[in-house]
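First chain written, first letter: the chains are A, B, C, D and E, and each begins at residue 1.
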Amino acid sequence: MTASVISRPTAELTPVTVPDRRVLRRRLGPGRRIPFALWLGPLLLVALWFLASWTGVLDPRTLSEPWVVVSTAGDLIESGRLQEALRVSAVRAFAGLGLGIAVGLVLALVSGLSRVGEALIDGPVQVKRAIPSLALMPLLILWLGIGEEMKIITIAIGVAIPIYIHTHNGLRGIDGRYVELAETADLSRSRFVRHVVLPGATPGFLLGLRFAVTTSLLSLVVVEQINATSGIGHLITLASSYGQTEIIVVGLVVYALLGLIADGTVRLIERKALSWRRTLGSR
Amino acid sequence: MATHTGLEVSPTTGPPTGPPTGPPTAGAVRVEQLHRSFNEAGGVLKGLDLQIAPGQFVALIGKSGSGKSTLLRALAGLDREVAGTGIVEVPDRVSVVFQDSRLLPWKRVLDNVVLGLDGRDARDRGRQALAEVGLAGRERSWPHELSGGEQQRAALARSLVRDPQLLLADEPFGALDALTRIRMHALLHRLCAVHRPAVLLVTHDVDEAIVLADRVIVLVDGVVATDLTIDLGDQRSPADPRFAALRARLLADLGVEDDTRRVVEVAV
Amino acid sequence: GCGSDSTPVKALAADAALPDDVADGTVLRLGIPDAEVALETSGLIDEVEGYRIEWANISGGPQSLEAFRAGALDASSVAEIPPLFATWTDTPVKIFAVSENPDPLDNPIYELGVAPGVEVGDLADLKGKKIAYSPGQAQGALVLKALQKAGLAQDDVELVELQSVNDTYVNALGSKQVDVAPLGGTLLTSYLAKYGPDGGTSIRTGIRDDASVLYGPAEVFEDADKAAALKDFVRLWVKARQWVKDHPDEFAQAYYVEHEGLTLEDGKRLLATSANRDVIGSWDDFIARQQETADLLSSEQGHPELDVTTLYDRRYEQVVADALGGS
Amino acid sequence: MTASVISRPTAELTPVTVPDRRVLRRRLGPGRRIPFALWLGPLLLVALWFLASWTGVLDPRTLSEPWVVVSTAGDLIESGRLQEALRVSAVRAFAGLGLGIAVGLVLALVSGLSRVGEALIDGPVQVKRAIPSLALMPLLILWLGIGEEMKIITIAIGVAIPIYIHTHNGLRGIDGRYVELAETADLSRSRFVRHVVLPGATPGFLLGLRFAVTTSLLSLVVVEQINATSGIGHLITLASSYGQTEIIVVGLVVYALLGLIADGTVRLIERKALSWRRTLGSR
Amino acid sequence: MATHTGLEVSPTTGPPTGPPTGPPTAGAVRVEQLHRSFNEAGGVLKGLDLQIAPGQFVALIGKSGSGKSTLLRALAGLDREVAGTGIVEVPDRVSVVFQDSRLLPWKRVLDNVVLGLDGRDARDRGRQALAEVGLAGRERSWPHELSGGEQQRAALARSLVRDPQLLLADEPFGALDALTRIRMHALLHRLCAVHRPAVLLVTHDVDEAIVLADRVIVLVDGVVATDLTIDLGDQRSPADPRFAALRARLLADLGVEDDTRRVVEVAV
């Protein structure tokens, strides 16, 4: 009894009612996308936070009250510190992101399309991935100093890893039938990359990009511990070394917002760029 | 129990004849004023009406792109997102053979056939169905290891083993050679005789339509342009002049005026 | 927090005498790893009676503070800065025992590492130099004290904000990213070993950095049972410190080698310098020096003024003094 | 001139030479897998390290010499510290991994198959992902204490994130045609999950697993800073607070090895579990 | 230039006749003692020999699973990983129409057709090819928006626009209705007349094979069992008794002894 007949009411405006009775099966996919759904969960969290603080269930020493955080944020904005921090960090994050994406993509193509490239590149990338980044900082300082290059390159290295792995994985997952097609269509290697590999690996790349933007944000906290005088990571580091809980929480809220916005943006790009897909999620 | 073992074929008890017996509505298909369009440019189905009695075998022909698959998908309940109006009613147990064979690539052939089937004997029934479509011994093959026609037959087996009240088949024999095709015709005919599902079969082979169906309908311009009842009995030979007349009529509906294809003539 | 006991707390006023009776099942959760090792090795641990000790391998300011806030720890051992920051971040704490180096200026914990090729002979030479500075850490406070002692303002030097994690400072000095950076303990030794040949040096500051305290969250001292248990523990702790002084090799082996994974030589060196501490039975001088530190941080880093006497539970001063006298 | 005729020599053993001349097109995919290729790059790195240390190009103050690291490792093994650390860490890592995988999978299914589930789960996961884990530690300590649970749960949270995101992404990327098939085959929801969703999302899940194992290793360094007396993360933390460079490098080498082994294992599982795939990588 | 604009059709200059002119080896296909097997159980191709002269149109028929696609893939150079021996030689420019239409899902129809083509007029040629297969106006559709037959025609357009020396087509007309199929036959015939590629066309439709090909070969048990030259000239009508004889012969090779299919007979 799964195929049932239901009726959909038609729009009131139509003067003559046009019937639309369809066979509707049990929907197994998730159905239509709810716009701005990404924000529902976080809003609920904020509401909970508010409630818990209001009723006193949440000790303000554990987590500052939302209103205190708002007023602290207000102070930071008034004094211009927050904007300045965001501006400085944005420059670093974007520079690192751009560089890292380029490097990650090139590595993924080289390693994805040749077994020799893979033998040389893949292992070291996995090694880099397995090594705690905090333990690498001293080496990076030795090699790159404590200036702006070190910060940007550190971010770029962090970004390149997920871009590499996801693009490589996406590329390797391209349906072999399309490779056969490309081979019989006598595609040159560069055309193969442009017409088959890159579009085919785009879903993987975009997933990597979601991780990459978060990585670039998170790396700020690490690199801005070193010889930075501004930046959102520096703001948090400084506040935590002074134990200024409210400022830390402001920083975390900013991170959460930036993370959500960045993720939402990449997913928007995803929906546009992958509009050709007919999948469980897009139906 | 007997009605649910899709492929339990007893010796033919009698040929399926024209209008079916049984309750008049249960298992029937009713389509009224069906409109479907994919974009503003124009509709694919434009007020199509169609009734299929329980147990009736209807063949659907029509030009490539005329909307045959669109109609089948409406009957299968797979066109939630397509714009349009109209009334569609189908029985509960519907089974679909898709135009692409659509085997799950991560399941071996037998697991594809018994997908979602209940009961301890499910796998035995699946094995039997595979044997019937000529794929005995291929139970543990992966779908990508089958040839095009073998994939199509596996998909057919998957549909038949389910014993549906309505079978929607979108060109299920398109990739089969003459002999295999005849065998599949026979198989389908036998199963229909026993379990009496209503069938809507899309085909491009006019002869196939005439040989198999109780009724042949032609889809033109989004409506049923022709609805022919085939009353040739059970001995349907293309040599029969009535057969030839039906074929000529249907081909004409499809736009082929003279079937004596002359290469140079059409080539110019 | 999660660690709270189910038994009702027997309240204890801040000015009431410390009780002796400890209720059954009282547990002290202590993050004082060297004391743990000393008690275990000396066998003094058997004298613990009427309460139980749960040891946590936690030490240092940030970790102990987090554990206090979580209600997961009753006491820990730190230098003089963390109690100040605890207060400034609204976590009330009490200091209940202090110790210092008998010969602090000859055995400083920190020296100022000087990068190869940089001329810094005394504190006055700091003028105009790039100095690694980590605001919330002891190293940061030391830099401020050094500047104060040299009569320099923050603007007279270039403070490079750099957290001292792992060997960051060693590398920053070695690669000449900064001219001066405070280095303590094994980091100093390894810096001089690595970069001494290139001209890396260090200078002593002549500033006392030997203050060491035991402290715990204020609630602990309002709980009669815990306060009583702590009283007994302090007595034992004084004995343990004494045992360490009497058995330096045994302790070095047990703590530095087995617990911390250092070589015996490193352990003995540390024991002679930074770990060479005497328990103090009279706290006035100690408190006065900490007040200076607090005032300096207030003015240089913009924290509120703080009267450090409020940080001490001086009822334990007597307990310590008695224990010292008795041993 | 891309389709060329080449001849393959046949095996010497065959007495009568059977010719095998095929049309061989320009191969656009990467070709056959080279076994153990994953190890080639890292071995090269080690060789380079050796060479650079030997010739003195690499200052031992920057990175200890390999032979010093080996002898240090020998000492650590002799004293039993390394084995003990690995044992203790393995228990934590596996417990966290198991828990995290289970949680991540369940969340991915709920959020992947229902829009409401997605609205509630997806945003908070992105928020968690965007927040620096160092800043979360105090909260976790507050809620979970400083014991073993805190360590395992912290690892599990870290593990659940990549499992969730990759499984969710893989699930949403399942070809819509298979969902249609499931709908017309009247699959129940649980069968749909078992026969279509889980196998279809397996490639995504396995990529997530590769990140999850690394995450569990890396988390050890963070959680074992707090009230741990043994463990590989504790070993590194302790060594770095005393500036014992050689021990740190031993720790990093162990991490690299573990990372490579874990990644190789997951990829082996991948090749077995996805043997049904015919892709650019598997051809 | 002129030889490279695949669909630039001039009025038929003359019918393609039996053996082609031109250099004897360039553009020829030679297959000798071809063995291919997917597992130990047994080979699919077992010492197949086949020669196709340049410009010759060969139709390949055979039962489902007999190895037709396997042979085509060997000629296309797509069977690197398949076990076997033998000699295969093909011309340089080979174009393949796969059994599945294999359009890149991320490219619109026109981009699929011109995939990898050079030159400023590539898109114009692609557009023209699409128009020839009846898909004018669908240039910007996504592949998944096309019906089954439309996808097949797009794949055909992609192959034809490349002007190959050897065209390997695996059931390119399987999903087409009678009229569209006749149109496609005509198109292919015209293009072959102009550009003279060698063609190996797999089909299940014996009539189609006889109408289009210079030669029809039947694949049975891994070798070419039958190799018939079609000498019906250009006026090939199924009504022609020679046509009927050829058909009967080929069907017999496929195992269909009597084409006058009788539903009940085969059903029992």
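Rule of thumb we're sticking to: contacts are C-beta pairs under 8 Å (C-beta built on N, C-alpha and C of every residue); 3 or more make two chains touch, one makes a residue touch a chain.
Because the structure is a prediction, the values reported are computed rather than measured.
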item: Shared chain contacts [chain B and chain E, defined touch]; value: A, D
item: Touching both chain C and chain E (chains); value: A, D
item: Chain pair with the higher count of C-beta pairs in contact (D-E, A-C); value: A-C
item: Chain A and chain B, separation of their C-alpha mean positions in angstrom; value: 47
item: Averaged-CA centre spacing for the pair chain D and chain A, given as whole angstrom; value: 19
item: Residues of chain D touching at least two other chains; value: 2-3, 25, 27, 142, 177, 182-184, 186-187, 196, 200, 240, 248, 277-278, 283
item: Contacts with 2+ other chains: residues of chain C; value: 69, 165-167, 170, 174
item: Chain B residues counted as touching two or more neighbouring chains; value: 76-78, 94, 100
item: Contacting chain pairs - touch in the sense defined above; value: A-B, A-C, A-D, A-E, B-D, B-E, C-D, D-E
item: Footprint of chain D on chain A - complex, ascending; value: 2-3, 25-34, 37-45, 62-63, 112-116, 118-124, 126-127, 129-132, 134-135, 139, 142-143, 165-166, 169, 171-177, 179, 182-184, 186-187, 189, 192, 196-197, 200, 203, 207, 210-211, 214, 217-218, 221, 236, 240, 248, 251-252, 255-256, 258-260, 262-263, 277-283
item: Chain E-facing residues of chain B, complex; value: 11-12, 15, 38, 61-66, 68-69, 99-100, 134, 145-150, 153, 170-171, 174-183, 185-186, 189-190, 193, 204, 206-207, 211-212, 234-239, 251, 254-256, 259-268
item: Parts of chain D lying in touch with chain E, wherever the complex brings them together; value: 1-3, 5, 10, 18-25, 27, 283
item: Residues on chain C engaged by chain A in the complex (per definition of touch); value: 65, 69, 85-86, 88-91, 134-137, 140, 160-163, 165-168, 170-172, 174-175, 177-178, 301, 303
item: Complex contact set, residues of chain C against chain D; value: 1-3, 31, 56-58, 63, 66-67, 69-70, 72-73, 165-167, 170, 174, 185-187, 189-191, 194-195, 259-262, 266
